[in-house]
Amino acid sequence: MINIKLNVNGKDYSLEIEEDKRLIDVLREDLRFTGVKEGCSEGECGACSVIMDGRIVNSCLVMAVQANGSSIVTVEGLVKDGELDPVQRAFIEKGATQCGYCTPGFIMAARAFLNRAKDPTREEIREAISGNLCRCTGYNKIVDAIEEAYRYEKGI
Amino acid sequence: MKREFKVVGKNIHRVDAFKKVTGRAIYPEDIFMENMAYGKTLRSTIAHGYVSLDTREAEKIDGVLGIFTYKDVPNNRYGVVYKDQEVFVSKKVKRVGDPLAFVVAENEKLCDLALEKIKVYYEEIEGVFDPVEAMEEDAPKVHGKSNILYHFKIRKGDVEEGFRRSHVIVENTYKTHMVDHAFLQPEAGIGYIDEEGRVAVIVSTQYPHYDMEEIASTLNIPIDQVRVINAYVGGAFGGREDISLQIHLALAAKVLKRPVKTIYSREESFLAHSKRHAMVMRYKTGADKEGNLLAMETVIIGDTGAYASWGENVMRKAGVHATGPYYIPNVKVDSYAVYTNNPFAGAVRGFGATQVPVAYEQQMDALAVKLGMDPVTIRMKNIFKVGSETATGQILTEGVPLEECLSKLVEAMGYPYGKEAYR
Amino acid sequence: MKKRGRGIGLSFYGTGYGNGFPDVSNAWVRLLKDGKIGVYVGGAEVGQGAMTAFVQIAAEALGVPHDRVLLEIEDTLTTPDSGTAAATRQTYNTGNAIKIACENFKEKLKEVAKDILNLNSTAALEVKDGEVYLEIFPQKRVSLEKIADFLGGNILEAEGSFTAQTTKLDPETGQGAPYWPYTFSACGVELEVDTITGQVDILKAVLVQDVGRAVNPHLVEGQMDGGYAMALGYALFEDLNLKRGVMGNRKFSKYLIPTSMDVTELTKIIVEDPESTAPYGAKGIGEPVMIPVTPAILNAIYDATGVRITELPITPEKLAKAFSDFEKEG
Amino acid sequence: MIVKQAKSVEDALELLSHYGNCKIIAGGTDIIIQMNEKKVQPKVLIDISKVEELKKIEEDGDFIKIGSAVTYTDIIESSIFEGNLSGFKKACRLVGSPQIRNRGTIGGNIVNASPAADSVPPLIALGATIILESKNNIREVKVEDYFSHSETFGIREYEILTAIRFRKPKGVLTFAKLGLRKALAISRISIAALVELDKDNKVSFVRIASGSIGRYPMREHELEEFLQGKVFDDAVIDEAVKVLQGVMDVRLANRSSLPYKRRAVEAVLKEALGEVRK
């Protein structure tokens, strides 16, 4: 067992964990942020994507100990004062979710991308979500939603 | 007649969208119950052979709560059409991935340890992996006396006469492969005893009432003592029509009187559920000088793998759809579902109707090439319209806007239309 | 060398279990305390949008806004059997069952309204916008909420059941009406093939889908996008690498499904031709949207290169070998 | 298993010498998968992902030094790899996905020794060296030797790869890769080329490295010898393809992948060499 400190969705946690746990295990099992999904356990599907210190990462490919001292944002952390994040709103508006299993990962990838993006093209958006697999939507409505979220944020 | 409606036809937001974008949609693996144990499945690593287990060492491990095998299942057989699948293999393994035992322990690591400690003895026998070979008399048999599960026939008109009258004939053999649904959420579930003593299973399924029947039947308990709760489903595409972990969880919860949770890894998910039927399709299609289809003959052999699942229905659907959406006066179809020791094939989006167009649509283009005709014109001449008769003699009385579909396609593609455009 | 070509594919798909097998969906409709309406069906939401379509069909049938309908689909304890979420049958079958249940429910509402409004008959009573009113004297009206109040603890509910019409096929000739309704699709693609590497780039894709009537066009488009992408994977990428019963590729790093970079933009065209036996004319489209895509790709490869590929998947290796053989043979 | 977070290189080396059966984890994008699959089962995992001194990219006179825990994203976002070095950026951009590029490290890509490691051929083409440190020793080894003579130059049990170093080249570094899909694609073939042309458009310096057309990433000496001194035109590039195909016929003889790879390599080599002229 080992002690680690994590900031998740703005809240500090001090946890005693089994050392062989991955970040996803701590988020799901210890902290119950079950919006973080596990689809492949090898960094291919991106369902477990979270923002770690400002960067999108696969939480299945980060040991929990490696995240010691880091700030993590999961999909649960995007709702602020009861208001949905623009990406979440756009996903609803554009019909970008179907079975929903990949959705939190896509939303986090889109959030991380839009935090740095400037007038993104559809091609750039496609690249930004290329680490997330979706089997239902064929991606097009997800790209539509991310474009829409950018417009919400820029007020255009 | 087109009527305007108040709600139908409107782009309302998905009713489940809010939960799905906020991470609040609960899939079975997201549920944690008080006093919950974990279960893992031991699966065969060979494709064909006899198996026996020695679970004694594994049972001794502290924290292992139970190891379930065929001996613990009152009625070991189930299946969507034929009851040819076993909850746990009793004697003969028929494919890689057949469930042999279900280990329940206090945590997943102990399950892994117990799985390693179970001794598995195999006596391998020759398998059959090609559906065409499997149809031969001396092929190894997967079940019973023949590997041919089902043979579907269409006999309409006189194909020989149709070919005699044909100006052009195209013959080809097409092959499609087995594929996976690859839905994003691997199978997961929890079995528990509900507040009124029923055996309850929370799962992601395409058909909760079917799962309920199979649980009642295999555990030999009244159906009103079973409850299936369908949590959110992370994609299905046909891959959640057969039973995967439902019976295992129900059995373990019933015996242990504790909640038992199982989450498949991606690799186990591939092993656990059905696949799309691989097909070998031998096609012969004939048309007159003007491009009117006169005859089509096909033999379609579908690999249903180790279990029937929906094999009969898939191969029927393939056979019924074998002509494509075209009127053909003379049709002969023979489609077969054949057992092999491959992964079992079942329902996958399109269900047999997805494979046959790989053949019939290429036949159409090949005929067009021979006739010096363009692909649009030859189709326009032959497509189903209202009043058309299908190869099974069914009259399409309404709802056949295929000509409109094709015209709109041509318009949107900017497709060259007409003979002069053909290259 | 890079070569361009175009191809089309047409397809049809017969809905339901078929072959005369009883293809039944059941639905229950119940008045809730606050005047909202509970709809109970066992039809699964697997991502296809069944819940939303069910709510829209119920709201339309009952003449209420969609947010007055509360749908329950999860629990076998509280829902009737509505068949499997497969065979493209939920919108058609369960949609019909819901519509029938709602119509039965409206008759029951009218019976109660007749008593509340002191009428002699239910004739000319109409259910609309959350109220029951007399068409010939609209001041006579009562809201569903009031009806629920009036009923107190008594449950007002109705059932609906729908069975699709098909016949068993003759075992010798295969003659009969195995499925109903049929749904039609058309796909066209323009693509570029690299004859050296065997890679295929889709440049343009159009999918036209007959839907009978679109209950929710956005949802239909979502299915079209998804079916197209799945077919692209079927045609070009996905391979279990099956050898003597062993799947060599059974994880996502080896079993390759298309990524956002592999799936191109898709032009989606919905064709409406309402089906008289369907709820508001709506036919199912979950499976049909995938079917015409793969043959369109195959035909386009032939158009581009003169090489006909008869075996799936069209991997770069297979294509490159086909081109290499083609070049040698001249 | 124990997991230790190193605060410095010194700290990591101390831990490494203290425990047996250790594995270093940086980005974790490979080793966590290997641990899941029980392919490696270390007793101790030493995390160097938060060691600041390993996360720097520095220019030192004629040299560039990249800390081993520098991620692909760091390379892509660095202003150092512009112009004639943009081929390195391209290689890093074609790795995996944003998530993988944010965690995967340049050092990890070398130590894991995957034949398909995209960032390695450019480093070989640059003539880069790696610095291997242990508690009592420092070695500097050429990246190409690290792979081709791993028994001598490979990493040892108590060593950590701390940095990659190369001299700023005069020529242009390019990179091309063939994957099975457009993202999350493992290279079927990759080629990096460092080419310098004189005023007569003749090749005055060339170093070429390949990935996935051998057991490990390697120099393509025959190809280099062929190109050296030649006028860099289409005809020569066409000939160069044949030279490389000849090399592959020997190296990959009897491999089932040969027929495809020898054909497809034409597109990859032409892309890599073509970019020299841009």
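For reference, chains read A, B, C and D in written order, and residue numbers begin at 1 within each chain.
Basically, a residue touches a chain if its C-beta (ideal position, glycine included) is under 8 Å from a C-beta of that chain, and two chains touch if they have at least 3 such contacts.
Worth saying up front: this structure is predicted, and the values here are computed from it rather than measured.
Participant: For the interfaces A-C and C-D, which has the higher count of C-beta pairs in contact?
Facilitator: A-C
Participant: Centroid of chain A to centroid of chain D, CA atoms only: how many Å?
Facilitator: Measuring from centre to centre gives 29 Å for this pair.
Participant: So, what's the distance in Å between the C-alpha centres of chain D and chain C?
Facilitator: 48
Participant: Counting in whole Å, what is the centre-to-centre distance of chain B and chain D, each centre being its mean C-alpha position?
Facilitator: Here chain B and chain D have centroids separated by 43 Å.
Participant: Quick one: which residues in chain A touch 2 or more of the other chains?
Facilitator: Touching at least two other chains: 39-42, 44-45, 95, 98-101, 127, 130, 132-136.
Participant: Mind pulling the chain D residues that touch 2 or more other chains?
Facilitator: Chain D, residues with two or more chain partners: 182-184.
Participant: Of all residues in chain B, which are in touch with two or more distinct other chains?
Facilitator: In chain B, the residues touching two or more other chains are 11, 13-14, 16, 182, 232-237, 266.
Participant: Let me know each pair of chains that touch one another.
Facilitator: A-B, A-C, A-D, B-C, C-D
Participant: Could you please specify the touching residues of chain D with respect to chain A in the complex?
Facilitator: Touch residues, chain D against chain A: 1-5, 25, 27-29, 32-33, 35-36, 45, 47, 49-50, 73, 96-100, 102-103, 182-184.
Participant: What part of chain A is in contact with chain D in the complex they form?
Facilitator: Listed in rising order, the residues are 2, 19-20, 22, 41-44, 46, 49, 55-58, 60-63, 65-66, 68-69, 109, 112-113, 127-128, 130-133.
Participant: Residue numbers of chain C touching chain A in their complex, please.
Facilitator: Touching chain A from chain C are residues 46-49, 218-219, 221-222, 224-230, 251-253, 257, 259-261, 263, 265-266.
Participant: Please output the residues of chain D touching chain C within their complex, sorted ascending.
Facilitator: By the definition above, chain D touches chain C via 178, 180-184, 186, 188, 259-260, 263-264, 266-268.
Participant: Enumerate the contact residues on chain C facing chain D in the complex.
Facilitator: Residue list for chain C touching chain D: 194, 196-199, 237, 253, 256, 258-262, 316-317, 320-321, 324.
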